[in-house]
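Data block below; observations after.
For clarity, chains are labelled A, B, C, D and E in written order, and residue numbers in each chain start from 1.
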Amino acid sequence: MNLLSVHDLAVSRGGLRAVEGVSFTLAAGRALILRGPNGIGKTTLLRTIAGLQPAVGGRIDLAEDAVAYAAHADGLKGQLSVAENLRFWARVFGGGGTRDALEAMNLKALAERPAAALSAGQKRRLGLARLLVTGRPLWVLDEPTVSLDSASVERFGAVIRAHLATGGAALMASHTDLGLNEARELDLTPFRARPGSPRRPASFNEAFA
Amino acid sequence: MSIWEYANPVKFMRLSDAILPWTVAGAAIFTIGGVLWGFLTPQDYRQGATVKIIFLHVPSAMMAINIWVMMLVTSLIWLIRRHHVSALAAKAAAPVGAVMTLIALATGAIWGQPMWGTWWEWDPRLTSFLVLFLFYIGYIALWSAIEDPDSAADLTGVLCLVGSVFALLSRYAVLFWNQGLHQGASLSVAPGERMSAVYRYPLYLSMLGFFLLFLALLLIRTRTEIRRRRLAALQARETRA
Amino acid sequence: MLALLRRDLVLAVRAGGGFGLAVAFFLIISALVPFGVGPGVAALRPIAAGILWLGALLSCLLSLDRIFALDHEDGSLDLLATAPVPLEGAVAVKALAHWITTGLPLVAASPLFGILLHLPGQAMPWLIISLLIGTPALSMLGAFGAAITMGLRRGGLLLSLLVLPLYIPTLIFGTEIVRRGADGGDPGTPILFLAGITLAVLALVPFAAAAALRINLR
Amino acid sequence: MLALLRRDLVLAVRAGGGFGLAVAFFLIISALVPFGVGPGVAALRPIAAGILWLGALLSCLLSLDRIFALDHEDGSLDLLATAPVPLEGAVAVKALAHWITTGLPLVAASPLFGILLHLPGQAMPWLIISLLIGTPALSMLGAFGAAITMGLRRGGLLLSLLVLPLYIPTLIFGTEIVRRGADGGDPGTPILFLAGITLAVLALVPFAAAAALRINLR
Amino acid sequence: MNLLSVHDLAVSRGGLRAVEGVSFTLAAGRALILRGPNGIGKTTLLRTIAGLQPAVGGRIDLAEDAVAYAAHADGLKGQLSVAENLRFWARVFGGGGTRDALEAMNLKALAERPAAALSAGQKRRLGLARLLVTGRPLWVLDEPTVSLDSASVERFGAVIRAHLATGGAALMASHTDLGLNEARELDLTPFRARPGSPRRPASFNEAFA
């Protein structure tokens, strides 16, 4: 069963199409890594799939409330402790298992530390631990391993594999090697949007171009 | 022996441990004694029984000012000599000072009702006290807002310095502002010289009591603060290791 | 939802002061006004109701400007928007949390400030009632303004420019209640109007605010 | 230094409104006050000077709270602190930029608001003079407060709690100048006091503010 | 000649020592990469050397106004264009050559774009271009290649090499391969601070522990 299928998708940022004509499907248990040079539109694509912005063309099919999104900003509150941050998201998503999540990303020792007192990599680990408490099947991750040391990258790989093994799926954008050999890769370079007015303008910039 | 050894928190704990019981006992005796004695004094011919509130009002008003001065001194010691206990003492003193100000304001208001027929008057002296109260709560709020203890100590120290200057400045500005409407001598009770010994001695006693009360509270709160810091430090070290 | 409310309250308390802060701000405003307009009872009594209401408006403004901006900057809002809570609900809860930390303490402490500004005694209950009815609308409208100016780096002044005009009806009826109460008149009509405004605001504005948030998230 | 001033001014202009914003806020305050206290000349004239000065204080507050916080969040402050400009100078320049975007337009527009609030004609020049002398101190003291609360996520209310008490002397002497001007008295003494305060603030507070910034950067 | 020499340095974060006993020197034309797991204290060490926080022990010798620091936050103003951002820092540091800097990090085409409309990698490229306009010899860089695509990482390597060739030096912290084979590496793991009260406490945590 496909958790996500994308057909002829076009997305826009700042009023201009970034990539267009992107199609792929993601079945349960599969991972897909988006590749492409800086500025091609990976972040934009992921935000569109997460439902944070509308697509300007094509179709995205996915179940409601299936997506857990994680980006550069980890959504942490500096004044709350690591455990409190996690617990909050667990409550919001109706998930649970904050203890397992802390364990999985090696945050046990830091559980009572305010999030503001974490190092860059520790923050990122907490941001990833959040995924585990959402209980969502489709993870949409934007450069998930930034700032992580190699041990944590491995740990993250294990977490992803466990997620895939339990019927989840993951869509990621990254410039580095994630150590996930089983993941497919999709290079967005060929889908770079060509200038030229589309049929139905999506924004002021397109309407008056 | 460097200045640091002398200002060691362990030494402070030992010293304060020794004098704390005496201070508490003294505070209890003198405060209660002074106020009780005050209440047993004869009624003033003009003000009646309401004059008795002076035994709460004046000591608390004096302490309110003195505590701020003490905070200024300890803040300076912290900023210059990095004496940690000193910073914590300033932190511990602030709420006591704020409460003293509040007591002075409240007793003043209660007194003002029969004397002036109003709970509150924008008299320069009362207004200055309100301003002092504002400085106290600003200082306390800043302490509670900053997580990192070192930054909090430094920033509140700087605030205390600048605040002291402006508290003084405000006092003069307030006097300037409300010259014309200043309460005449007929309303405000004339100071010390007309006060008979009947009132003076219990007043001195309760002043001493209030000072000891402050000292006791200061010691207790500083000790609590030190213990809390110690706990936090040990916890931080544990999670780091 | 409850989790969000709890988090916002905890954050308000930890981020310095929480409940006391709004009251303290109110106290300062009450102290500054006599410095500005002079200390006499004659000068203060007629404007007391208006000043107290203006103070409520301003303390609302000063505390509201960043409620969405912060969540936006640290990415929480992106995550909340994908969470299984309706954004309208999240807005309402955030406004509620704001009211609990700002409006409610204000209502409770208002008689004190009434004394400072020489508000006549018989007007006190009306002051409390008018603030109790009116401040929820202030929080909600402020949340709407904060949602609109969320993406802007320095929203403070702009926010007040957007929100203060929206506060005008509340201000007018709120002060009218107190004024009539002070003069011994019948504050029934303005109370009805004020309650009507607050109810309408609470019912409708969350949708507008959520729409503004969605647009800003794109 | 000049580059910093220019950047701050450009940012203020691009980040919505710039010069006009403070004036607009002032306008709203001047419009709200009659709603709060009643519209008559008799009600407004005695409080006009105070309200105008209070408006200046508040518009200062609302625009100041984030001047250092923003630079802190996006890392500019780290870079500025390692740059070959003294941090004290940077603070002074930022306060200056703030004054140019907030204080100066206010001074220029104040006669208009004086008319709105029925300030007597002979007080107008004194209003302008008092604001011209006093507002630089407001910007500088506000910068100090902003530096202290820089690291806090919701500084708004706390900032006002710290800064407004520092504004008291300026407010008192400022309104006194206008009041004496209106009554035909001699505003010389308060002008001297006000100028003295402003000069002292401008000379000394940058050091305190820079110290606070350094502490917050650690 | 040594641009930087560090002797027995101890640095602290949140009131606790992070690493201690670190010594190294950095001569003109040399690069040093700090390694170590998340949370060991790399960022703290770099900030201390940049002069943003005081050292709690040891000595740092470097010329005044020698350091250009670049961290995760790039110090960009979203409302200013790329060129304006760069020009500002050039003026502040009294350097120049914004045009060359734009060229070097391949930002020419984006020069008039507001910085808020850049992608993550483009922002980072601008942050690195800033180093070129400071005119400072010692670059202190915290995870400089985060979010960069491989072409940009190569470009960055070339920039560093050119800087070293003209008598500069670079001190970097990174978890990934920077493609700088000539750089020395220093693993901080052995320098992790051991608990135990130091002679003169540097902070509340040390004073009361």
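Definition applied: contacts are C-beta pairs under 8 Å (C-beta built on N, C-alpha and C of every residue); 3 or more make two chains touch, one makes a residue touch a chain.
Predicted model only: the values in this text are computed from it and were never measured.
Chemist: Compared with chain A, which chain's mean CA position is the farthest off?
Modeler: So the farthest one, by centre of C-alpha atoms, is B.
Chemist: Looking at chain pairs B-D and B-E, which one is connected by more C-beta pairs in contact?
Modeler: B-D
Chemist: When the centre of a chain is set as the mean of its C-alpha atoms, what distance in Å lies between chain A and chain B?
Modeler: Measuring from centre to centre gives 55 Å for this pair.
Chemist: Quick check: how many Å separate the C-alpha centres of chain A and chain C?
Modeler: Centre-to-centre distance between chain A and chain C: 37 Å.
Chemist: Per the centroid of Cα atoms for each chain, what is the distance between chain B and chain C, given in Å?
Modeler: 33
Chemist: So the centre of each chain is just the mean of its C-alpha atoms; given that, what is the distance between chain C and chain E in Å?
Modeler: 45
Chemist: Would you pick out the residues of chain A that each touch at least 2 other chains?
Modeler: Within chain A, the residues that touch at least two other chains are 72, 79, 117.
Chemist: Please set out, as single numbers or ranges, the residues of chain C touching at least two other chains.
Modeler: Counting only residues that touch two or more other chains, chain C contributes 11, 15-17, 21, 24, 28, 35, 73, 153.
Chemist: Touching at least two other chains at once: which residues of chain B meet that condition?
Modeler: 131, 134, 137-138, 141-142, 145-146, 150, 174, 177
Chemist: Hey, which residues of chain C end up touching chain D in the complex?
Modeler: 11-12, 15-17, 21-22, 24-25, 28-29, 32-33, 35-38, 43, 46-47, 49-51, 53-54, 57-59, 61-63, 65-66, 70, 73, 152-158, 160-161, 164-165, 167-168, 171-172, 175, 179
Chemist: Please output the residues of chain D touching chain B within their complex, sorted ascending.
Modeler: Residues of chain D touching chain B: 144, 148-149, 151-152, 158, 161-162, 164-166, 168-169, 172-173, 176, 190, 193, 197, 205, 208, 211-212, 215-216, 218.
Chemist: Which residues of chain B touch chain E once you look at their complex with the stated criterion?
Modeler: So the residues of chain B touching chain E come out as 4, 9, 84, 148-150, 153, 226, 229-230, 232-234, 236-237, 240-241.
Chemist: Taking the touch rule as given, give the residues of chain A at its contact with chain B in the complex, in rising order.
Modeler: For chain A paired with chain B, touching residues are 79, 109-110, 112-114, 116-117.
Chemist: Under the definition above, what is the set of chain B residues touching chain A in their complex?
Modeler: On the chain B side, the touching residues are 147, 235, 239.
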